[in-house]
Amino acid sequence: MADKIGIYVCHCGSNIAGTIDVEEVARWAGKNIEGVVVSRDYKFMCSSLGQQMIEDDIRKEGLTGVVVGACSPHLHEKTFRNACKRAGLNPFLCQMTNLREHVSWVNSDKAAGTKKAKALIFASAERVKRQKPLEPMEVEVNPATLVVGGGIAGLQATLELADAGYPVYLVEREPSIGGHMAQFDKTFPTLDCSACILTPKMSEVGQHENVTLLTYSELEEVSGSVGNFKVKIRKKARYIDYDKCTGCGICTEKCPRKVIDDVFEAGMGYRKAIYSPFPQAVPRIPVIDTENCTWFTRGKCQVCSKVCPTDAVDYDQKDETVELNVGNIIMATGWKLFDCKRVPQYGFGRLANVYTSMEFERLCNAAGPTSGKIVMRDGKTEPKSVAIVHCVGSRDVTSNPYCSGVCCMAALKFGHLVLEKTKAEVYSFYIDMRTPMKEYEEFYQRLLGEGMHFIRGKVAEVTDAARRPEEHGKLIVQAEDTLLGKQRRIPVDMVILMGGLEPQADAKELGIKCGLSCSMAGWYTERHPKLDPVATMTDGVFVAGVCQGPKDIPASVAQGAAAAARVAGMIAKGIVTIEPIVASIDEENCSGCRICNDLCPFNAIEYDEEKKVSRVITALCKGCGTCVAACPAGVITGAHFNNEQIFAEIDGILWDAREEATV
Amino acid sequence: MAAHIAEKKGTFLEEVIEATPGGERLVHCLQCGSCGGSCPSGADMQYTPRTLIAMINANDRDAVLAANTMWACVSCYFCTSRCPQDIPITDIIYTLKRLSIAEKRYRDTDAPALAKTFTDFVDRYGRSFEFGLATGYHLLKRPISMMKMGPMGLQMFTRGRMALRPTKIRQIEQLQAIINKAKELSGSK
Amino acid sequence: MSDKPKGKLAFYWAASCGGCDISLLAIDEKILDVAEAFDIVLWPCATDGKVRDVEKMADGEIDVCLFNGGIRTSEQEYMAQLLRRKSKVLVAFGSCACEGCIPGLANMNTRQEVFDTVYKEGSATMPENPQDVRPQPATKMPEGTLHLPIFYDTLKTLDQTVEVDYYLPGCPPEADNIWNAIVAILESKLPPKGSVIGLNTTVCEECPRTRGEKKIKKFYRTWEIIPDEETCLLEQGLLCCGIATRAGCGALCPEVNSPCIGCHGANDGVADFGARLMSALASVIDSDDPDEIRRIIEEGIPDPVGNFYRFSLAASQLRRKKKSQNA
Amino acid sequence: MKFAYYPGCSLERNAAAYDHSVREVSDLLGIKLQEIDDWNCCGATEYFSQNELAACAVIARNLALVEPQTDQIVAPCAACYLNLAKTDKLMVDHPEFGKEVNQCLAAGGLKYEPGRVTVRHMLDVIVDDVGETAVRDKVVRPLAGLRVAPYYGCQVVRPIDNNDNPEYPMKMDHLLSWLGAEVVDYPVKAHCCGGHLTQISEPQAFELIRRLLQNAQDYNTDMIICMCPMCQLNLDGYQSRVNGFFGTEFKLPIMYFTQMLGIAFGIDPQKLGFGKELVTAMPVLEAKLGGQLV
Amino acid sequence: MSNENFDPIIVGFFCNWCSYRAADLAGSARIKYPPNVRIIRVMCSGRVDPTFVLKALADGADGVMIAGCHPGECHYIDQNYKAMRRYEMLKHTLTAMGVEPERVRLVWASAAEGQQLAEAIGELVADVRRLGPLHWPQNWDENGQRQKALDDIVKEHEEAMEVSA
């Protein structure tokens, strides 16, 4: 079929016509470009009259391609594509030429502008002749959702979706859901009891008919794409029969083996070899820690099995892999505390009474190892003075350059708790006090009033090397009081290091499984930092909570809910449309060299070992075209951006250069 | 970045950055004070290194070059290794020392004299000369402490730890040619 | 076959080494079938045919002309035009005619530089030339003026000179493929005009080595390592052109533990063989640091044109090295 | 294992014990040290205070003198080590500056290609290259019962990364434990000895020295083991002056780690330069290790 | 040709997400820059095939600009690094082909960097102007001797053999 191209050059009032002779461009295009049957200029092409004009021409002239020389395609591509569609022309046979942002607005010389406009129009015309009709693909959305991580963000997302009536699988790697929030004592700035507000949510999730809880389980594999993910979850063996156990706790009570609890108690307390991390755990099914259980290590004991009234202990249980089909995934994998041993000058791990913030949370938690009494490592002495060190592993290019966002407030909270529970003097060593959210600054004010000492200066070192008599037996915190411009040494009994928030150790690995990328710091990258902070570049995968970047509890909850709302929207609509701009491999001619295999960050290229060819998984392809450019055999094609189309565009854009050269 | 700094043309900040390899990090100072807090001589400094950086930013050139901070520096590099912004603070202190010496801005310190005596020996012999340093510099600057040094010096001497004559390297002319070229290139005598 | 009237076949060579002429003989006794089917009207290398005779023929009188060699001189261009006119089917036979091949690498130089190398600096054919005698287009002698063809600055491929109907790739073409082409001609089962006769996959298809995902930290030159015989040569850092080179040779070079050098040219639809290689290889360099990338490239590929365009420089987008202003 | 050896001015005289013990121990451990012919002073901190280019040029002369077949240079003195390493690093990181330094060297007919020579400290060579097994194998007289405080000082651990923690280095701790000694873990092991401040401001310097001696003594140390001639001089040479100044009664021998290696390896203390220290070490050594060492 | 009067033609290959939008922003902000760069939109700088660049130069462009998102900010995670690797490879080859590598430039521009992009375009145009026209098609001209030589052969053959072509 011979090409019948329509060219439409917009004046955009004087926005374009001011520096481009639009009439000349339209006239010239009509005369000089092969296949052009209509070439018009118009005051406002995007107006309904302008659109109507295009539609009429399509119908009357039977146009096979439309070029609109107007503004940026980012502004009006949809408008003109829709106009074409209405007139029965496939929207992908419409090409926009950016005459405004890229020509008239950046240039004041009319002759030069007109020349450039001609070249761009020529390029578009050549290109549109080679464009192919494309249809967006539609995929049904499985209404089930996978939530990874049972901290507060994941819990919120789970509840929102479950309450909306959709099935949710919640995967948590620890034996209980709850996350870090379950470890906290109070929450800033309101000083709510963390457990009091968290545990009702936990039990709601645990009892919800739409929630399938997969605790003590890890995400192994993700395949498929938006609407239809297939995920593999490894349920680690608990050695307890889930159906028989009533959670009575007698096994834990009778277990003779005590182990330091490095996870929930942050090393501050003990648990048993068969245990539930904390009394309000959900589910209340315990697990056996085989590394410490005497039956597993030495083949003796079996006390738990003997005392269990329902015969639920099963030493032969094995890890189990379950496969689930879900339509969307919400990643809410949270964070880990900065390892304070990485700053040896602060003495953590070497000086007994230097604590991490998480240790201190447990220390002042009423349910913690000291029943909430603030005492030193000896277990009895109350500190007379406490120093709180800010920015440990935050705002430091040698560890983490970012601000962890919550430590200033947590430090104020600790200060308050120490002042409330002891007679100690409290010193806070800060660089900048960061209290931007609702009622945070007020809380700072409150602590100023409560007599907490604030010293502006990053702590240089914490040492037990005394120089003066009053320093003996104390921890000396040395810093410059930057407001005085003097070095100060404050002897204290206890030091709390406000460790920064870091991505989970396996965040990157987990992210790769579902096509997420990480920022330099290791946080998951959202689709847009301002306007789309819950979606990601992988359709159907959303992020919530600290795994996307440091944030406090309210922000985590809000993001969890936001992610759930996005997922609910997808489910409610029932189908997703996938852009047809994707790559495809001509399998007939692919020789399986595998150059392309490692180039796709979305894992959209698979290699067929049997046929020895590579293949594009269309649903995963985002259409960047990197593989197209890389294929040494030229057998990968990028729809709407194929070589022929781009070559034609180059040909067109250089029409005058070619003319000059042949002259 | 470069354009950014160029805007401040002519400031003391720019001068210091220019004269210090890696000095461009200086603009990132958070004023956190971990340098001042870490400094073993911090207590004896008129201005902590942090204050000095603030003064550099404030273009207070005269006060910075007259400060005693540089002369209390022991080159322990704690400030540098602990700086959360990767600012080569010790090297910046060296830059300030050089500027202060070049313009004779220093006050109440013998450090420049010690440095001069020391390097003069290197220029002359190619090796340092402790006895010469002790006699030359101390006789000039600290006759009293020289006397207190007596017993220690004697002990050092008897244990063979101090020589009365300097060692001269064989190719001293070569070294001197190198030094002279360096001085010529850097525009100092 | 023998029922048909005998056709007319021409076989001509332009700027080439002569290997193509010999390769035709590699079809062994089948050459007799060729002789049975065709009258060979021109084959300067093997038969006594004159240009004059060709010139006397009617246009389109020759059924098939297999033309090997690139176009380097005015005489070759004349012959290409002549044979084009006289032939129904013109086949670019072998790498030189298809894409310029090794003679095309002289496009890295100008005529002046080529002559300097050959006549001034000395060569095997011209060891001594104290008077610096150079070929001249016209030399006046008492008997009259003698003409030599003009030597061009730039070697062109056959299809940059005249319209070509089919292409037979390879340096030289493989006997099997030659025979397939002849059979196709005899049986009138030719593909659409402009086609390359042969496969449209790459050498990897025929290469028995095991291939994995690719990540390259360092490129090696062939003498620097002894490659493992089982795994992909490229994965071992050798610059194997097999990924971009049209199949059909049976992966001859990789079979003997030597990287493919790309003599079969590119697949259909590829506009620039070297660019394909560059793009593919660069994509799998295992570094995101520009300095390191530069180092890997500069150290590993000191002669990029020789590596990427050994056979296809004349047919590439740029065709030749930029001539200096005064050249 | 072959290295170019840069003793530095201190090791010629005041720290001759260090030089002797380095050579003795190296011989025994199979470390070949080839002293750089006609080396010159590194300029300590003093040259850098006056003229950076000259400082680097003076230092680079030594690097340029390293013979072409050797690519590692070992320096036992902390200041020399840092100066050599820092100059090389400056030349590598700032090629323009590197060119200037080479312009200076050219005036003496020399040339140094930045990055050609790796600068090592003696401690790193023994701990990282020789390693635990080889060191333990050579021990004939374990230092059992001796409480030693390893003292690292500043300029080997900071700012050049020598693969140890700049705040809390451990290499010498490990090394001394291989010798059987009881290693004291005390907080100031990488703090400053005062450097050249003894020459400029005694009260200030003496306070720094006191802190170290005090802390080591608080941990019941028999002796302090150091790895830098300046540290040794300040802690040992000035110890009696510090005592006089503060009214303290420190009596802590300050020895080089190579001397302790030598003792553990059974080398004659005389050859290791024992006796050159002002606070004598022999009595405590003999008391703790039992019997005559000579 | 005097370089001041020389108006180079430069083809730009801009990624859809950052650099094309940076060019849009330069427009919306009415930042003026030389009209010499003609922009072709691709989805990602990773789509830029070296063939595009070679083709543009061979077809008469005097320079090429490839623009993508800043490293680490690629809309497709890290595909701009592949553009970077290809760019280095391409420059290496172009240098060998006698093309001044300054004619082809890779720039990173975020969607917010309209000003920076305009400056980069200005610099490239100035640099290419200084280098002068590339006029690649002239590189394979045979300076007019070719046709004459061919005519001579025809004439000679006609004369010698009395046949008409």
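As written, the chain order gives the labels A, B, C, D and E, with residue 1 at the start of each chain.
Criterion: contacts are C-beta pairs under 8 Å (C-beta built on N, C-alpha and C of every residue); 3 or more make two chains touch, one makes a residue touch a chain.
All figures in this text were calculated on a predicted structure; none of them were measured in a lab.
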| item | value |
| --- | --- |
| Where subunit A and subunit D overlap in contact partners, by chain label | B |
| Chain whose averaged C-alpha position falls nearest the assembly-wide average | A |
| B-D against A-B, pair bridged by the larger set of C-beta contacts | B-D |
| Far-end chain from subunit D, centres as C-alpha averages | C |
| Cα-centroid distance, subunit A relative to subunit C, in whole angstrom | 53 |
| Averaged-CA centre spacing for the pair subunit D and subunit C, given as whole angstrom | 68 |
| Averaged-CA centre spacing for the pair subunit E and subunit D, given as whole angstrom | 59 |
| Distance between chain centroids, defined by C-alpha means - subunit C, subunit E (Å) | 28 |
| Touching two or more other chains - residue numbers and ranges from subunit C | 271, 276, 279, 283 |
| Multi-partner residues of subunit B (each touching 2 or more other chains) | 78, 82 |
| Contacts with two or more other chains, residues of subunit D listed in rising order | 167 |
| Touching pairs among all chains present in the structure | A-B, A-C, A-D, A-E, B-D, C-E |
| For the subunit E and subunit A complex, residues of the former touching the latter | 7, 9, 11, 20-21, 23-24, 26-28, 30-33, 35, 38-44, 46-49, 51-52, 55-56, 59-61, 72, 75-79, 82, 86, 118, 135-138 |
| Touching residues (chain side subunit D, partner subunit A) in the complex | 165, 167-168, 185-188, 211, 214-215, 218 |
| Subunit B partner contacts - residues on subunit D that touch it in the complex | 9-10, 12-16, 38-41, 43-54, 56-58, 61, 90, 93-94, 97, 100-101, 103-110, 154-155, 158-159, 166-167, 191-192, 194-197, 199-202, 204, 208, 237-238, 240-241, 275-278 |
| Parts of subunit E lying in touch with subunit C, wherever the complex brings them together | 49-51, 54-55, 57-58, 71, 78, 81-82, 84-86, 88-90, 92-93, 96-99, 134, 136, 139-140, 142-143, 145-146, 149-150, 152-154, 156-157, 161, 163, 165 |
| Subunit A partner contacts - residues on subunit C that touch it in the complex | 200-205, 211-215, 232, 234, 242-244, 247, 266-271, 276-277, 279-280, 283-284 |
